Every structure is written in structure tokens, then in C-alpha cells.
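The following blocks contain the structures, represented as C-alpha cells.
What follows is a pair of complexes built around chain A, which joins chain B in one and chain C in the other.
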Partner chain A sequence: MKKRVLAVLLTGALAVSLLAGCGGGAGDTTTGETGDAPAAEQGSGDETEAPAEGGEGSDTITFGQAADPRSLDPAFADDGESTKINTNIYEGLVRYSDTTTEIQPSLAESWEVSDDGLTYTFHLRQGVKFHDGTDFNAEAVKINFDRQLPGNATEDMPYAGFVFAAVTEVTAEDDYTVVIKLSEAQTPFLANLAMIQGSPIVSPAALEANDNNVTNSPCGTGPYKFVSWDTNQSVVLERFEDYWGEPAKTKNLIFRIIPDNSARVIALNNGEVDVIDGIDAMVVDQISQSGNNVQTDEAMMTNYMAFNTTEGVCKDVEVRRALVQALNVPEMVQTLYQGYDQPATTFLPSSLPGYDSTIAPPAYDPEAAQKVLADKGVTSLHIITYSVARPYNTVGGQKLAEAVQGYLSKVGVECTIDAYDWTTFKEKAQTDTYDLLFAGWGGDNGDPDNFLNLLATDDISMNYSHFSSDEYKKLIADGLVTPVGDERSAIYTECEKIIADQVPILPISHANFMCGVSPRVNGFFYHVAQATKFANVTKN
Partner chain B sequence: MLGKKQKPVEVPGQEKPESELHAVWESLRVNKTAIFGMVIIIILVAVALVTFLADAAGIQILPYDPNETDMTASFVKPCAEHWFGTDELGRDIFSRILDGTKISLFVGFAVVIFSLFFGIILGAVAGYKGGVVDTVIMRIMDIMLSIPGILFAITLMAALGKGLDKAIVAIGIVAIPEYARIVRGSVLSAKESDYTQAARVIGNRDLRIIFKHILPNIISPIIVRATLGISGAILDTAALGFLGLGVQPPVAEWGDMLGRAKGYIFAAPYTLVFPGLAITLVVLAFNLFGDGLSDALDPKSRKR
Partner chain C sequence: MGKYIIKRLLMLIPVLLGVSIIVFVITHVFSPDPAPVVLGQHATEESMEAWREANGLNGSVVSQYIDYLGGVFRGDLGNSYYTKQPVAKELSSRFPATIELAVVSVILAAVFGILIGVVSAVKKNSIWDSGGRILSLVGVSIPIFWLGVIMIIVFSGTLHWLPSGGQIDPLLKPKSVTGFNLLDCIITGNTAGLADSLKHMVMPAMALSMYSLAIITRITRTSMLDSMKQDYVRTARAKGISEGKVLTRHVLRTSMNPVVTVIGLQFGSMLGGAVLTERVFAWPGIGSYIVECVQKSDFPVIQGAVLLTATIFVLVNLAVDIIYTFLDPRIKLGKKEG
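== the complex of A and B ==
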């Protein structure tokens, strides 16, 4: 009899430990990492403050994020996870102000734009050093821009076309003057140069030493320099003491990769990390109950669903409209995001010029949808999506896909869902066939072109719906050369009308940045375009 | 005494198997935990059969359609309408758990049948033939055994892709060596026994000796292992589902339900507790029953 009691206990223990063991891995493995950093640094003993009692020292800030950066070379990164890190390592010629998207000098102290809008002359800051000790100068700018010019850019440079397509020539007039010539006037060009993707300046010496891709040994001019990147574990940065401006206030900056949402929240509440992002409404109480703050910063992000407009049943615009009619977007958004995100009707967030609240895709009407879909013989669809939480979709792509699957099954369409981790998803989106795909866009530069040109480009790593409309492309081209103002805004409103009519994508929600922040951290702000700059963040 | 002795006279040929089964049952009957396990298994099989037949016939027997989402009723706490509450998409967890029974049991049985089939063939051939054949087969089995089972299954799933059929194959392949070893060991000892020698002497072919004479005599340890193997297979399926490698959504699979609910462990614990309990219950039931069966089939420990 004793043996049986033991068997019962062991069975229970086995069931619990096996399943618990599977889930716990992500949270546990890196605890040593954060613990070690301050200790190692006390040993070196240079002008560090004494660590605060209980918990980590005030000279280390740890940020918990959901996924590895795609690349730590700004020319090869296009995702938020990379941006959050790269924004601390690199700088561009210009930058955004601390809280808005107004353009300010950075590595360039001043600049002139010719009247025809085709020539930009930048006067560079002197005495700036890269992390490897080499000097920043006009030649460095030329090398960085040249590698992304049409013809030189490789296919895996996602922002090369976006930023540099119109650039014909970059010349170093003298050591500290750069002249950039464009083939056509491009209103957002200056804003694009402030972005953390594509435009930041990498050390030419590092580029040469690393075969033109410094993703494994990043080297810029920013307030933090790179120390180590342990794949799927953490990225460690350290204050760059020779920074040209005011040095970073906190010595160590660690980005820890914690894919699981609840594990990230637990890490914050345990004090293993100081700031986390990608949280969802379900954990707000949990975070605030343990004394941490939930910070909501305005974002310009759109969570959307793309239809494949070149292959499969979604090629037919009537099918796309019917599928949109089958979805009750406001209800879905309310349930999934608990009111923390706004249901979207347009691709542009409401804060951008060109937004028009009267434009909306076909309204929810499941009966009409069912009829059209039955007539067209649409019974099954293939969805591909991402599995982790994203800033624009805090519940993760799989839950969103399942919600859509639930609505579509009510109108007689069964969906198969393939969910991949983020990096695989980006690859599959280019290689696999799909009918529906979930994606999102976080605005880079505060310009409507930044959102809407996604549907005008031929790059399928951007234009997931493979949408191609001459009328739309012409509007986007016009917008590029029209100076900022009402006329330009009207062009983008026109684009939105085409999207609502042709439905290459269905906008689902506009997100806010939601971060869990330890009360010990001061000055943290999630910027709409340059994400998490930590140089002025302190910890007590 | 007289009454009992009369029976074999009427049906002499069936005396032995009947009394054997009877003795096993007598021994099992007094083992309360084994009976407890068996009752639960019978209930679960009944639930699985009923939901499966109702589904096939298009009758809705569950309180709700297990896959139907209702975004207006997500995260309803357990109440009279939703006994186990609803999940993040407003699906009734009670219905999903009942619906998931047939999947877990189906996978459990299918995996065991799959691995038993290959395990018996490989083990019997290795044990009976001996020599080089034995060495080659058993070393391959050893190599497979040296890889942790669940890791091996995860690797296979990653290569094969998502889906219940693939999960069965992946977990089934992982379990083959265990059966092969048990069968080989039993065959090795049975091979030297008098009845095998006798069968060989009268000119039976090898295959006939293996399947007609040896296997029926070594079936007890195989049955015990298979019963316990079902619970292992169910647990492995749940682990795969938990890791997001198991089933295609929206299929209600317990491990998958558990995995997707882990983000709500504090906000909505009921989304996690009930699938977890369901897995524990079925694994417990098969382990208790298998344990009891092991005692009952072993003549030495059989209670009389």
C-alpha cells in the first residue's frame, strides 16, 4: 500500500515538474548575468557608486524585452527589439528631440537644404570619437551612406531603400562637411536621417574589420558601447567614457531577453530587471500591486492584418472585403487589449498628418460576409503569424490570429495558423505562401510617408500584402516631393481611401507603449521614434 | 469442489486461459488504487467516445462548442453557465476539457500502438536471431535511448511540423526502444525454454515460433509497460502542446490549453488549473492501473 501512495505522489510530482520545467527555462537561465555585472565592476573599482542596499547597484539598469535584436548593425535592423538597443549605441547626423519628433542637431551641428530640395549640406561636429577610438568625420558618413546606396545595398538592408533610394551621391567636401545629392526632392529625408534604422553612423574601421556588417561587434558614437551579446540571453552595454556630449548617467545597461510575458513580469517584480516592455493589460494589476509602475507613453504604432493580394483567394478584392466584414474589430480589440489600445480604422495613427476619422474599412456584417464567401467558395485560409508579444500587439500574434480564426469560422471559413518566433516569422513571410499575415508597424520618423509607403514598395519584407496599385504609388511619389502642409496631408488621406476601398491590409489597433518600470528608475521615457534612450535614466 | 471440477469437463480446451484471466481479475479486484484508476479510465474513455460520436453525428452534446469564440465573454470566472470559466477568446473551458479527452486518449493509445508495433518486431527479431542482427538493432535502440525522450520528440516535431499525427509519430518513435528492450529480454529467456525447443523440433518456421509460441507467453510485461506507456505518451503530448509544438489551433488539447494559459496564471488561474488537473488525473489513472496490473500479472506477487 505504501508503494502506491508513493506512486501517486511521484506521478503528481512528475506531471508538475515536467511541465513546470519546460516553462521555467526562459526566466531562470540568465539570473546569473545580472548578478555578475555589478560584482565584476566593483572589482575594477573605478569611480563607481556603492551599490544600493538589497538588489542591484544603482549603476546597472536592466531592461527586459521579448526577443533578440535582429541585428546590432543599424543598416540590417528594422525591428523594435534592435532599435531599443541600437538607439543607445549609435547616433545619426540629426536626432529627434527628447519627447517629440522635432529634428535637432546630433553628429551634424548644422545643415542647409538647397531651394530645389535636391542638395543637403551637413556641417559635422568635431572631436567626436567612435567607441573603437577612431575619429568621426565626413569620410565616415560617406562610407556609411555609400554602403546603403542603390546598387551597393544588399537585400538584407531593410531600410536602405527607404532612406537612401533617392540619394545619388554623397561627397565629403572637407573633413567635416558632407554634401548629399538627391535625384528628387524628398520631404521626409531629414526626418529619415534621424531614425535609428539605416541612418546611424557606424565606425568605418569596424565595418572594414567585420566584412561590412557589425552586428556581432557594434561600434558607434553613442553614449553606450557594446560589451557582449549572448544570443537569446542578453545584450550588455557599458557607458562610453569618451562620449562627445554629456556621458550616460548609469554605467551598465543590460538588455535581457525574456520571451514569455509572465516570466518578464515576474522578473520585474522580483527585481531582476528594472524596466520591461511588451506587457499587456492582463498584468497591469500584478505589476502595480508589487509596487512597480505601469508607464503608458503615446506611440505611433499600427497593428494590422495583411491579405496576400497576389496569390490565393485573397487576390479577389471582394473576398478581402467580405473577410473584413466578418471581423468585429472593435470587439476583438476591446477583449484582447482590455481597452489599453484603440481600435483602428486607418493605417495612420490619429496623431499623424493625413489622418481622417471618416475613413473606415467595410463595417462588420457577418451575414453579408458569409454570403459572399460562400458564393466565392472560400472555405479555408492559411494564416502565418508571430508567436511573441510585440509593442503593437501585446498579446502576441498567435492569440490575435486565433481571435480572427474564431470570427472566420462563424462565417464558414476554417483557418490553419502557423506561428513562428519573430526571426523565423520575418523569413517565412518572404518565403512561404499565405492568405493572411499578421504584422505591425511602429512609426520611425513621424511622417505619414513612413507608414503609407509600405504598401507602395516592391520589397516583400515590408509590403506583406504584395499590394501594387499605380494610383497609390503615384500618390506616395507625389507626397515625397510636396512640402509639409495641407496639400501633402490631403495626398495621404487619399492613400487611406484607397486602402479602405482595396483592403490590402486591415488596420486592427493603435497601440500605446506600455512598460513596467521599477520605482527606483527615474527619467525613463519610451520615445515614439527612438525608443528607449537610457543615457539620462538614473536608478537609486 | 465437485461443482468447480465439472466445468473443465464441459469445456476442456478453454480452462486455462479463463482461469488465468480470472486470477488476474481476482488479484486486481482487491487492489483499490488499481480499481480507482480503472474506473477513471473507463469514465474518460466513455467521455471520449461520447464526445467523438456526438461530434461525428453532428449533435452538440457539450454545453458549448469547444472551439467557438465569444469575444464578449472572455475570462468569465467559473460560474453556473461556465463551470470552469472561459479562456481569453471566450471559449468554455469545461467543454474544451471534455473535448480534449478524446485527443489525449487517442494520442495515448495511438502512440503505444505505434511504438508497440515496431518495438515488438524489432525486439523479437533481435532477441530471437541474436548475433549481428541483435547487435545492430539493439545498438541503434541504445543510441535512441541515450537522447532524452522529450528533447528527441521536440526535435522530431520541429522537423516534421505541427499537427497531432506528427506528434503521434514523434512520441511513438521515441518510445520504440523501451518496448524493443523489454520484448528482446523476454524473447531471450523464452527462446531457450522447452516449448520453444519443442516447436522448433517439430519443424515450425521462425516467424511462427516467435508470434505463435513466444509472444503469447511474454505478453504480461508488454501489457504492463504499454499501460504505463499510455500515461507517458499523454504527458509527452501535453508537454509538446505546452511548448506550442502540438496541435493546430483551435483544437482543444490539454497541454496546449495549459501553455496558452500560463500568461494568465495570476489574472485568471482557472484557465490553467483545470487543464492541469485533467492531465494529472488521466496520467494518475493509467499509472495506478498499470501498477496494479503489473502486480496482478506477476504470479509471484499475485494476491490470492
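== the complex of A and C ==
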């Protein structure tokens, strides 16, 4: 009898504590008025706890991204996660236009380039303040560039070489005039100065206070100033009230780190974040069914396949052409990326000067391909690829390689695929032999040279096809010193013709930036240079 | 007892040496060169060489290891390849989040695990017992990343009750006093932050505790059933002691040894960073950081994190052994039993 009583009591206790547990949890969760509120309202419920919610618009926009920024010092960052944040904190002498990579004034109001292309003179904007209240001037530019010049730059400044390798001297002529001397003419230099990596200007006072690296205490001139960075959690920015231009429209800008892709989608659907990136075609329905928008903005990225042009069967240009003919690229891209990436015909994305839509590699013709490949005795190929998803290839290199394998097996060529994690892949690409290799390129500065010089370099960690053509190299060298304009664009179009003819690489797709955006957010766009500027973005 | 503890602490040295050798070999011998990953798209041969030189990756593995070990003895675990911050600082800034989650989860698991285990044992073969056993079977078998995602879909995605991840709304975060988010909220009187933190804690703590809860339930049940068959329990009943007292004083207490061991082990592994849970729920602790560093080939941090985890494991085990002596006076640590 007693046993039974005890059992009942214990069970009761269990039930009560379970309920208490859940109840407690639920109680905690429903503080305030959120409760069962629908997604959109829940977001506002969360944020009403933040100070000063305006009557009309919300004062906080939250962006969900997959990883921490690498550095909030533009000299030490090379990743997209940093770029998205830094573009709101910092500005360079020049900037890209909102929709293209055309160069516009920013901290420099105007500039002159000498006829020999070796001297750049910048006239700086006056009355600009850094977030720490110090003045922006020519000396600040000099200090920022000097720290990245050859000899001063440390090996962990990823863009120092890219932007400043040719710079010999930076002089502050007066408070608002800077003169930069180059050792050789370099047309993309201006475009490099618009990049969000390397070139943006950091407060010299902050640099001095932080041992020349403001990774954890960024300070620029941009529309948002830094508040806090909780690693693996969030970066919080706040409107800079003394901004020289029009102040940012939304007071708080938060970047939240949500590594798991599906969790990031749910955070958007749950109203915890307003914009997310790093999504793929798989989750599009999930996002749109919750009433959020899927936004695709053109990116500057090319997903391609490289042929080994120095070893093995692909040395023969006819074999390369036949292999290209065996692949139905548009169909493959449609299947893999479900229409969210564009099939590529050229290495250059369509937004770059020199792009020509009439250039294309040999068209799909499996019968012709089969005949050539049989004649040449090509029966097996070795493919090296990466296993993970990359920004230019959201399904990962393995799936892409398998798709190619499928097409090639129809023309009698069997492929063996070795897929590696990214680090190992980078190493194997240099040490192993392969016939085909999958790679991609994300543009840095919006200049065609940035893409096309990959096939002119002798560095095999860049030039995966080991392509070497004197004619091509000559064109690239000419392009580097020709001023921006039709003549220069024609040079790069010529390069594309060589690629289409010699097929050292086969361009597969141009990726888009895909974002999930709450319908309450207005004015958000993803710039091709991976910049997400929030100054003009509002939330209802 | 004191001697025993010192002996056990000394044992840490060979354990940590062994662990450090294993991770060092895994990172420096079997892993690809980190230079191209760390330096990114524009890495050139020269810049990679300079970087390897600067980070001491050019010597032989043995000399690199000796350098590293020398540093460890001086309390220097090296610097992260990316942030340049000392590894100890990187880890200590993330450790409080892991501890908070582990403590809450282990409490949940222990309280409910023991409760369900006791009910199962007392009502052996009843419907309650079957329920408890099914629950523990499910708890042990369910993959945590799946459970986590399902919880997020249900409680955040569909019901909108709970935030899907993170530790606290960034705008509500309290000033850091202790580094422990919940404590800091309480100390600074930030009630909104505290409520928000608890909301964020519910799902990760439930998901993380599920496995431990299941194991604790099973061990409690088995151990209780074992004790109930003992002669002293029969004697106690024969003396006319009430059933409640028999269960609490004679059965439960003597059944607790294996349960405490399991709780300790579970707690130890949770402190090492609940890799999957932390990642799914974007919890900013050691576990999610380790994953991130493995992906980025940040060797010094990986090494430091593994050493930390090993140390915690050994220490928690030691604590468990000490607790034994209180639960069972027959056990004398460090003395051979006759």
C-alpha cells in the first residue's frame, strides 16, 4: 500500500516538475508581449525591448551571417564576412557606384593620373571626422597606405601586395592633397583603392592605440561606428551622427553569427534577423512560404573547370574541345543551381568591361565529341575537386564533378573523382596530377585583369590549367597599362576569344548572391564587390 | 586523501603529454599546410613562406613540438593564426558560455534522469517503467544535431516561442563582469537580458541534456533495482522502517555511486564543448569555436582547446572520485582495501 502511495507521489512529483520545467521555460519565453505572436511581430517584440523604437520604422536591422568576420581592420581582412561589416564602418578614397564597379569619389573628391600612369594625385574631402572624433586628412591616408607598403606590410595583410605592391611613395603634399607614386603603370590601381579590403582608411589615432591593428576596435569614417563584437555571436554597430554625408537611416545595425544554414533560415522566418545570406536553392521555398523574400543580386564570381594543358590527354586542344562539346553546361547549371546561377560562357562575369556575350566555347554536341574522343583514345580521366560548398558553387565541387562525370560517361569517358576538403584541395592542386580540376574565382576589384590574369601567371596555385600562351600574356601585359576605356575593354575581349578557342578552362556558371530578406526591409542590395551597405536601408 | 589528490594531479602530466603529442601529430603531420587557407586567395609562394617562417612551421615536427611544449610550460599556448590573440585568451572568452550551458544541462539531466530512473525502478515493469525505458532509449539513440534542428523548426520556426539560436539579444547584452552571461545579467540587474538569456538557453540545454538524461535514467534504474535486492534492504524492511525511508536512505543513497560517475563524465564531456549542440544553436562556446578553427586550420587554437578539454576531463573524474568517499564511507581514496 505504502509503495503505491509513494509511487503516486513520485509520479506526481515528476509530472509537476516536468510541467514546472516546461512552464518555467514557457514563462521565460513569453516575457513581454511576444508570446504566440506571428513571426513578423515577434521580431518587433524583441526589439521593442531595445531603447527608442520609432513610431514608424524600426531602429534596428539585424543581418544573419554564417561566420565571424576575420578582422574588422580592413588591412587584415580578406573574407566576405568581414567585408559585409567593414563596408559600413570604413570608406576609401574612392568607391564603387551602387550598381556597378564604376569608380566614384568618396573620401577623395577628385583625382588626377599622370600621363605615364605613374603618379596619382588625390584631392581629399574636407571636414570628415573619424568615429573617434579625430580629423581625416592627407596624413591619415599616408599612415594607412604606408603600413601596407612593401617592406612594412606583414604577411598577414592579405591585400597589401595586391593593392600596394607597385606603390613606391605616398606623400601628403598639404593637409588635403595626397600624391601616390607607382613603380609601374597599373590601370586597376584606382579600382583597387575602391575595394573594402586593404584600401579603406582607418583612424591613425586608433592604429597607434592598438599596435597598428584595429581588428577588435575598428574606427573609420563610415556611416556606422563600432559598438561591440562578441566573438561567435554578434557585431553591433551604431549610426555615426557626425558622418560627413547623409547619416544612416537606421540607428542600430547588428550582424549575428549563425553558422548552421537551416538555423539561419529559421531565424529569418522567426523574425529574429531581417536579412540572411549564404543560402542556396534548397531553402528558397522555406523562405518564401514564410512570407519573406528571396533576393538574388549579381555577384562577381565564376565557377569553372580547368583542363591540365601541360600533362595527360588534355594537353591536346582537340581533346579539350571535344570534352567541352560533351557537356551541356546550361542544363547542368539549371539542374545543380535550379536557375539561381547563370550558365557561363566566358570567364568574365557580365558586369565587367570586356565581357562579350557573343563569345562562347564549343557548343554541346555529344556525337561529335564521342567521335573525337574515340579517335584520340580517351577513355578515362582523373578529376580533382573540393568537397565543400564555395561562394561560387553552392552545391560543392563534388556534385559538380559528378554531373560532369555523368555527361562524360555518355561519350565513353570514365572519370575518377578525388574530392578533398578545401585545405587539402589547395595542396593537391599543386602536388597531384590531374586531367580536370574544379575551381572558382571571386572578383576583387571589378577589373577584368583581376580575372583574366589568372591564366597568364606561372603560379600553378592560381593558374590551375597551367596555361601558357605568349599571345595571351602579351594582351594581359598591355591591358595592365592601357587606360580604362574601349581600347582596354577590347584587349580583354580578345583574351576571352583565346580562352574560348584554346579552352584551358571551361566557364560553368556565374553565381549570384542569394539573400533571404524580410518584407519589412527596404532598400537592401548586395553589391557585386560583396558589399552590403546599410546606410540607406530601412525597416518598417 | 591529500596525497591521493596530489598523485592524481601529477597523473595529469603524462595524460596531457600524450594528448598534446597526438593532436600535434594530427595537425602538423596529417593535416595539409594551413598557409594557403590562412592567407587566402592572393597567397603567393613568398608570402606563404614568410608566414610559415613567422609562425614557426618551417622546422622539423620534433623541434616544432619541443618549442610548443616549452611555450606550454611557460603558460603560453601560442597565438591564433587569425586573430593573433593568445590562445588562452581566445578560449577563456568562450569558456563561460560553455560552462553555463553545461551546468544547466547537467542539472536538468541529473534531476529528471534520477527522478525517472527512481520511478522506473520502484514501479518496475509498470507502464511508468516502460515509458521511462522508452524515453531513455530514444534519448540515447537520437542524434543531437537532428533533435536540435527539429526543436528549432518546431519551437522557433512553427510556434515562434523561442529564439532559434545565440545566447542573448546583442542589444540586451550586459556589461561583462564575470564573463558569465546569466550571472552578469543578475549582477547588473538587467532583467530583460536575463529573461532573454533564459529564453535562449531553453532549447540548447534541453537538447544537450537529452543524452545524459537518458543514460542517467538507465543507470539509476539498474542500480536501484540492484540495491533493492540487497540483504540490508530486506533487513531494513523487516525492522519495520517505512518504505519511503527504505527507498531514500537505504536504496537510493547506495545506488548513487555509478550515477554520480556518469553525471561526472557527462559533465566533463559537456565542458569540453558540446560541438554539435553549440553549432546548431549558434551558442558561442568552445565547441562551436573548435569546429570553426578546424575548418580554418587554426592549429594553435585546436591544440589549446584539446589540452583544455583533456584537463577538464581528468579534473572532473577526480572530483567524482572524491564525491564517492562521501556517498560511500567504505571507500577510502588512496588506500588499498583489505
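Here is the rule we use: the second predicted complex is superposed on the first by the 294 of 540 C-alpha atoms of A that agree within 3 Å, B and C clash if a C-alpha of one lies under 4 Å from a C-alpha of the other, contacts with A are read in each partner's own complex, and residues count from 1 in each chain.
Keep in mind that, in the parts below, a contact is a pair of C-beta atoms (placed from the backbone, for glycine too) under 8 Å apart; a residue touches a chain by one contact, two chains touch by 3 or more.
Given the structure is predicted, the values throughout are model-derived calculations rather than measurements.
Touch criterion met: A:G161 reaches chain C, while chain B stays clear of it. Shared-chain residue A:D79: touches chain C; no touch with chain B. In the superposed pair of complexes, A:D260 makes contact with chain B and with chain C alike. In the superposition on chain A, contact is made by A:T231 with chain C only, not with chain B. More residues of chain A lie in touch with C than with the remaining chain of the pair chain B and chain C.
Contact with chain C, but none with chain B, is seen for A:S461 once the two complexes are overlaid on the shared chain. Of the two partner chains placed by superposition, only chain B is touched by A:E331; chain C is not. Contacts of chain A with chain B, set against its contacts with chain C after fitting on chain A, overlap at residues 3, 7, 11, 14, 18, 260, 262. Those residues of chain B lying in contact with chain A across their complex are 33, 67-69, 71-72, 74, 88-91, 150, 162, 231, 235, 238-239, 242-244, 248-250, 255, 258-260, 262-268, 276, 279-280, 283-284, 287-288, 291.
Within the complex formed with chain C, the chain A residues making contact are 2-3, 6-7, 10-11, 13-14, 17-18, 21, 25-26, 28-32, 34, 36-39, 42, 46-47, 49-50, 60, 62, 67-68, 70-71, 78-79, 154-156, 158-159, 161-162, 213, 215-216, 228, 230-234, 236, 252, 254, 256-260, 262-263, 266-267, 269-272, 422-424, 426-427, 441-442, 444, 459, 461.
Those residues of chain C that touch chain A in the shared complex are 31-34, 36-45, 47, 50-51, 54, 82-84, 90, 93-94, 108, 111-112, 115-116, 118-119, 122-123, 126, 128, 149, 152-153, 156-157, 159-167, 169-173, 192, 195-196, 198-199, 202, 242-244, 247, 279-282, 284-285, 288-289, 291-292, 297. Chain A meets chain B in the complex at residues 3-4, 7-8, 11-12, 14-16, 18-19, 22-23, 260-262, 280, 282-283, 285-286, 328, 331-332, 334-336, 387, 395, 398-399, 401-403, 405-407, 409-410, 416-419.
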